[in-house]
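First subunit A sits with subunit B, and in the next complex the same chain sits with subunit C.
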Partner chain A sequence: MATEAPDPTEVPDPPAAPEAPAAPEPPGASEPRGATGAPGTTEAPGAVQAPGPGAGGTSGAGRAPGAGRSPHRAAAPGTATAPARAASARERAARAARRRRRSRPWLLLAPALLAVGGLLLWPLGRVVWMSFQDYGLREIVGGSTNYNGGANYAEILGQSYLWTTVLPNTVLFAAVCVALTVVLGTLVALLLLRLPPLWRTLTASTIMMAWAMPAVTGTYVWVWLFDPFGGAVVQGLGSLGLVDPAATNWFTGRLTFYAIATVNVVHHSFPFVAVTVFAGLLTIPRELHEAGVVDGANAWQRFWSITVPAIKPVFLVVVILSTIWDFKVFVQLYLMPGGNGANPAVLNLGVWSYVESFAQRQYGMGAAIAVLLTLLLLAITVVYIRALFAEGREKGESL
Partner chain B sequence: MRTGLAARTGTGVATAALLAFTVLPGYWMVTSAFDPRANARGASPLPSGFTLDHFRFVLADGGFGRFLLNSALVGAGTIALAGALALLAAVAVARHTFRLRTTVLVMVLVVQMVPLEALVIPLFVQMRNLQMLNSLLGLTIVYLAFSLPFAIWMLRGFVAAVPREVEEAAYLDGCSWWRMFRSVLLPLTAPGLVATSVFSFIVAWNEFLFAFTFLQDEAKFTAAVGLHRFFGQHTNDWGAVMAGSTLITVPVLVFFVLVQRRLSTGLAAGAVKG
Partner chain C sequence: MKQRVRPPVRGVALALVTALAWTVTGCGTGSASDDGTLTVWIMEGTNPDAGPFFDEVGAAFTERTGARLDVQYVPWPDAHDKFTKAMAGGTTPDVAEIGTTWTAEFADAGALADLTAHSAAAEGEDDMVPALRTAGTYDGKLYGVPWYAGVRALLYRRDVFAEHGLSAPTSWPELREVARELKEREPGMLPFPVLGDSEYTLDAFVWGAGGELATPAGDGWRSAIGDREAVRGVDFYTSLATEHGTSAQAATTWDEADLVAGLTNGKVAMAVAGSWTPATIVGDRPELAGKLAAAPLPGSDGGLSPSFLGGSHLGVFHTAADQELAWEFIELMTSAEYARKWADQTGYFPGRTSLVERAAQRRDPLVAPFARQMADAGRTVPVTPAFGEIQGKKTLARMVQAILSGKKSVQQATREAAAEMDESFGD
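Up next, the complex of A and B:
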């Protein structure tokens, strides 16, 4: 938000152009603009044309209600006066048009900014404020404050439960999910590239449906598949003699619980990676691969020295988003047996925060945990964005 | 040719394995929902028969009709609000100030980054104070905020794709800005608006955490929360649970398939065109 610096005296016109290409835009990086080789050119017309709508705006201004200061009309009554007045009227009209042009984007943006500010930024501030209080039911009902300094943070950071259970659960689970999602997604993207068009469309549509499946229903299906009493997986393995169905409950063990959650999350999120990477793959000129073949590189070498460098920004974006998503997995864990706090060994940061708040009614504690999770995600995001910018600089500010 | 028989077989096997893994949960869900003896199914790949009893049960006794209607209401409200606000904002971002792009991007990132668990606590308190905890409207307003940044991001591409000359022509013909917006921009960005709306709808339809925290009265439950409640009451009636899951999933899939292609072009356009 702070990056835009809305200077009211500054009309957005060509001076903005040199800055524009530097604007951070990860999704942009994933798009073919890299392949056109001149991302700047896609930006420049916008900047150069900036006065364009201004001209349109001025011509429109004369007709707009309340904008009767159009040069022609202002000059009409005083035909005998010096052209100076006409000039000043024209100037005034131009100024009014410019003012309108400058304020219109903010008018258009105001409702959206208000909604985002009131429902995202303000609560974020509130959660930090609550995290420094012993905030329970009494404070909610009475609307009173009950500051206790950093006691919540001290209690959270001081207990071994965080360091031996919750943090490893959160970080390792996210790391494994991201790795598996990105690898599987990339393999699927490479597979899509080899398929004939009909099969490609069919496969892509099918995997996108896995993405669209609601997390709630998806989780219940996986719970049903792995259900210890009559679930398909346990029964199937039991009939093969691999496990004893009577003595198997994978939801109670921490590792097996997370293994099932990992399958669920990877199944749900690999389609996004596959489709995004596939879009990136399409932007790589075929000649590069042909040149690689001529030079005698095998498929593995071509992948690492042609494909990966060419779509590195796409990979970065995909990894950033996957990391962020997998760190805050909630539904897929909470809805599994024991995941709602009944089994403390399987909580991650998000679920812990929720359980502290809404099961224990320790809203201050829950808020503090949520703040820690947010800080963790913020740190990850910053690291990635820096990487993205470094990537952009390498390519001559092409981001 | 390098693509010999072995390579083709490999591709075929890989595709088959991928499709099997992808459709497995959906297939299992639907077949269990129609299976008269779903609980005793074990690992048998085919259901033991065909029945609509599970669907009848969840709709009549489980109250899923009400839940689905509530979800639809929340979803419709979300797309109406998000569509209007996002389109206006997208015009501002695409047409006016260049640096607003960064703002929107930061907003999209913030929304992606902030864990819902951090927002649910303060918003719960806020909505409680506003007496909107148990209201579908309160939920709609929250979903609006979540779907807005992404919707702006997508619509920006669609607005940018409308040639400026068309707008200028409207001005020359004497249109005010509002008239130009209604008669030029709105029709030309309508496809994008549809795609974005479907996306917002799916977000609202699938959301669990806020609905679960806010709604206490069973008559107000959305489908996801209703399924959770139902599962709590009928834990081992898997046929019925899968029938409820199917009822929730099918509308999403239908919508998604309808606009999938447009959604991805919109994403690309949002990123490229400026």
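Up next, the complex of A and C:
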């Protein structure tokens, strides 16, 4: 309903421009899923960037320009007796007004764009520019350039180390972490939903502690637990006679190294998923579940046919965010014994980029790896965003 | 209404642009010394209480030159990045303490001033510790003046050795025997940990066997880690762990900080440790006072194995407006009085041979052996930026880890490491 109501407060109405009632859609008004919180906010930028006529949301976009034109046309015959100049002057004024309206959002966006451009896009551009050079300390000091074409990319993509070690490490580690994080987070969210208020508060604040712990601190705790020389886990298993502490070092094996890193990352990130999914769960009307119970669906069936479809956008968002985070895990790997480059079998793209550029001072090479990591992340994000929007359209049509 | 809305927007934009412009130009004028101030970067933490020392130096400096001293402290872990950023932004200090392995790199990049002429005219010229002087020389020119350094030697538990009637080994076979003896008699301790992530410990064994890390070849360098002598050193060092069980798998991922933790916890009986570590260990665990002793690193058939000297140079950046003033400061800092004072406060050795030799005469079992090691058998790694790259890549640490964890044989690991080093020397 909100989409049909012209908002009188939206745009100041200059007397010279009678077509002003063609008020742009209030941003977000055509956004059908405001209730789900997070998904709504992801769409908001789109709505803000182009609030002008003809570029509004999906359902009301066609209406606004039409509504804008019709009063104008209706007025034209009324002024037929007046000189044509008046009409064209008014036309000009209208066009100017429209131009002003169109430029205003950009003006309002300018500070944000300047900040984003200065702090994000410019450095990003520099990284790309650097990735096509053999860029070392000498170039930094002298401010000179040293282009080598795509040699950095050729070297990276041409070595088997990328394909057999770094890329599998990055992708598999991220995939496992995302899957475990989302599953564990969802289970905890379902648990939270069933707990009485006191226990819910206690549980929620306990898991928040894991989230609030800085990654560096958390990593040291896990390293300390799994330390082969006096760490609680190895000593405990050793006293049970399961492992020989003197001959054990889980940080040297690729699988065991990543198993510890996975525990660390999942432990650190599942609370976010739990809290977000929990917020989503609260929006599901109780009647849906009651109807399911009446129809004889068991908990498993109700979860898959009621809960999951109802908060699918929430799942999409936590999966996207977790994927992005887990692809670029750095601290948790770099700080583990051997993770700083001493054990080449355990590097992922992020750590490799750092080791290449900052430890070896080959900034061009590191930049090229960073660009590849960014492209990989962009590709994944595009796939997810499209899935998210497809989901949104589907939902918009069904409402 | 529009008339009222717009100007503020423009105003904001204008203010923003102005602010940006200010910060941009602000970056360009970092630390110029045009007002009679000398900006100096000093590493943080070497001297636990550096403030009073530099107050005193500052007063003496002002008295001597009339200029003010502005000392800024830089934490070691961030230091290299900070130097790099300062070079990129043109905000380098006038004088800085520079890690001995960085000097060649910065000199090669063109950031440092040539100090050869100044040094030749000064009195301390012949007194510089040779290995530190080598590390500060690039392309035949001196860029870093030796300030202070530490050295690695054998550190052991005096009480444990006395209990079992052992004495410090004086050759490699003895070292192995003592370690095996300790393994039998002190099962709760690591007799001699073999560190997987400490290149400098390995270096001593490579040099001790008569090998080299790399040798000059033509215009550049060639890796020598795959040569017969070097391989023998690598083999002896790693075999202590892989064949004689004097270490544990845990040490495969240890660096020197982990070793210090092991010594502090009383879990390590003997190790290759830095001259600066006993103070830290005893400070963290006072009951170990008097229970630690040091000995120079034994050579393979007696004598000494050379060991890496790690420390700091003082260098002058090209950006320094008054190069003479900068040199005056370096001269003051490396004068016998302040060099010794700094050494006494930090537990490192001064970069002057005469002062190190004097320390070697002292009776302190934790000072004299280290001083002897430094004066008689101190070495430095190849002085080329490419070697910094190799260290960053951890080529040698990778090699040791692969051997210790059983992934590669000594032959295979050294051969591959040599190839990797040559690749870095190549470009």
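Operating definition for what follows: the second predicted complex is superposed on the first by the 283 of 399 C-alpha atoms of A that agree within 3 Å, B and C clash if a C-alpha of one lies under 4 Å from a C-alpha of the other, contacts with A are read in each partner's own complex, and residues count from 1 in each chain.
To be clear about the criterion, a residue touches a chain if its C-beta (ideal position, glycine included) is under 8 Å from a C-beta of that chain, and two chains touch if they have at least 3 such contacts.
These numbers were taken from a predicted model, which means no experiment stands behind them.
A.B. asks: Once chain A of both complexes is superposed, is A:Tyr354 in touch with subunit B (first), subunit C (second), both, or neither?
C.D. replies: Only subunit B; A:Tyr354 stays clear of subunit C.
A.B. asks: A:Ile140 in the overlay: touching subunit B, subunit C, both, or neither? Say first, second, both or neither.
C.D. replies: Both partners.
A.B. asks: For A:Val188 in the superposed arrangement: first (subunit B), second (subunit C), both or neither?
C.D. replies: Touch status of A:Val188: first partner only.
A.B. asks: For A:Leu225, is the partner it touches subunit B (first), subunit C (second), both, or none of the two (neither)?
C.D. replies: first
A.B. asks: With the two structures laid over each other on chain A, which partner does A:Asp326 touch: subunit B (first), subunit C (second), both, or neither?
C.D. replies: In the superposition, A:Asp326 touches no partner, neither subunit B nor subunit C.
A.B. asks: Does the superposition put A:Pro111 against subunit B (first), subunit C (second), both, or neither?
C.D. replies: After superposition on chain A, A:Pro111 lies in contact with both partners, subunit B and subunit C.
A.B. asks: I want to verify the contact counts: of subunit B and subunit C, which reaches more residues of subunit A?
C.D. replies: Between subunit B and subunit C, B touches the greater number of residues in subunit A.
A.B. asks: For A:Ala367, select first, second, both or neither according to whether it touches subunit B, subunit C, the two together, or no partner.
C.D. replies: In the superposition, A:Ala367 touches subunit B alone.
A.B. asks: Which parts of subunit A are in contact with subunit B and also with subunit C?
C.D. replies: Residues 12, 108, 111, 118, 140, 227, 229-230, 358 of subunit A touch both subunit B and subunit C.
A.B. asks: Within the complex, which stretch of subunit A touches subunit B?
C.D. replies: Interface residues on the subunit A side: 1, 3-6, 12, 16-17, 19-20, 23-28, 30-33, 42-43, 46-47, 49-50, 52-53, 55-57, 59-60, 63-65, 101, 104-106, 108-109, 111-113, 115-116, 118-120, 122-124, 126-127, 130, 140, 143, 188, 191, 194-195, 199, 203, 205-210, 212-218, 220-222, 224-225, 227, 229-230, 232-233, 235-236, 239, 267, 271, 275, 279, 321, 324-325, 327-328, 330-331, 335, 349-351, 353-354, 357-358, 363, 366-367, 369-371, 373-374, 377-378, 381, 385.
A.B. asks: Applying the document's contact rule, which stretches of subunit A touch subunit C when the two form their complex?
C.D. replies: 12, 14, 100, 107-108, 110-111, 114, 118, 136-138, 140-142, 227-230, 245-249, 251-253, 337-338, 340-344, 355, 358-362
A.B. asks: Any idea which subunit C residues touch subunit A in the complex?
C.D. replies: 1-2, 6, 9-10, 12-13, 16-17, 20, 80-81, 84, 87-88, 105-106, 108-111, 196-197, 245, 248-254, 258, 262, 265, 267, 385, 388-389, 392-394, 397-398, 401, 405
A.B. asks: Show me the residue ranges of subunit B that touch subunit A in the complex, using the header's touch definition.
C.D. replies: 11, 14-15, 18-19, 21-26, 28-29, 32, 39-43, 84-86, 88-89, 91-93, 95-103, 105-107, 109-126, 128-129, 141-142, 144-145, 148-149, 152-153, 160, 164, 167-168, 171-172, 174-177, 180, 202, 205-206, 208-209, 213, 224, 227-228, 231, 236, 238, 241-242, 245-246, 248-249, 252-253, 256-257, 260, 264, 267-268, 270-274
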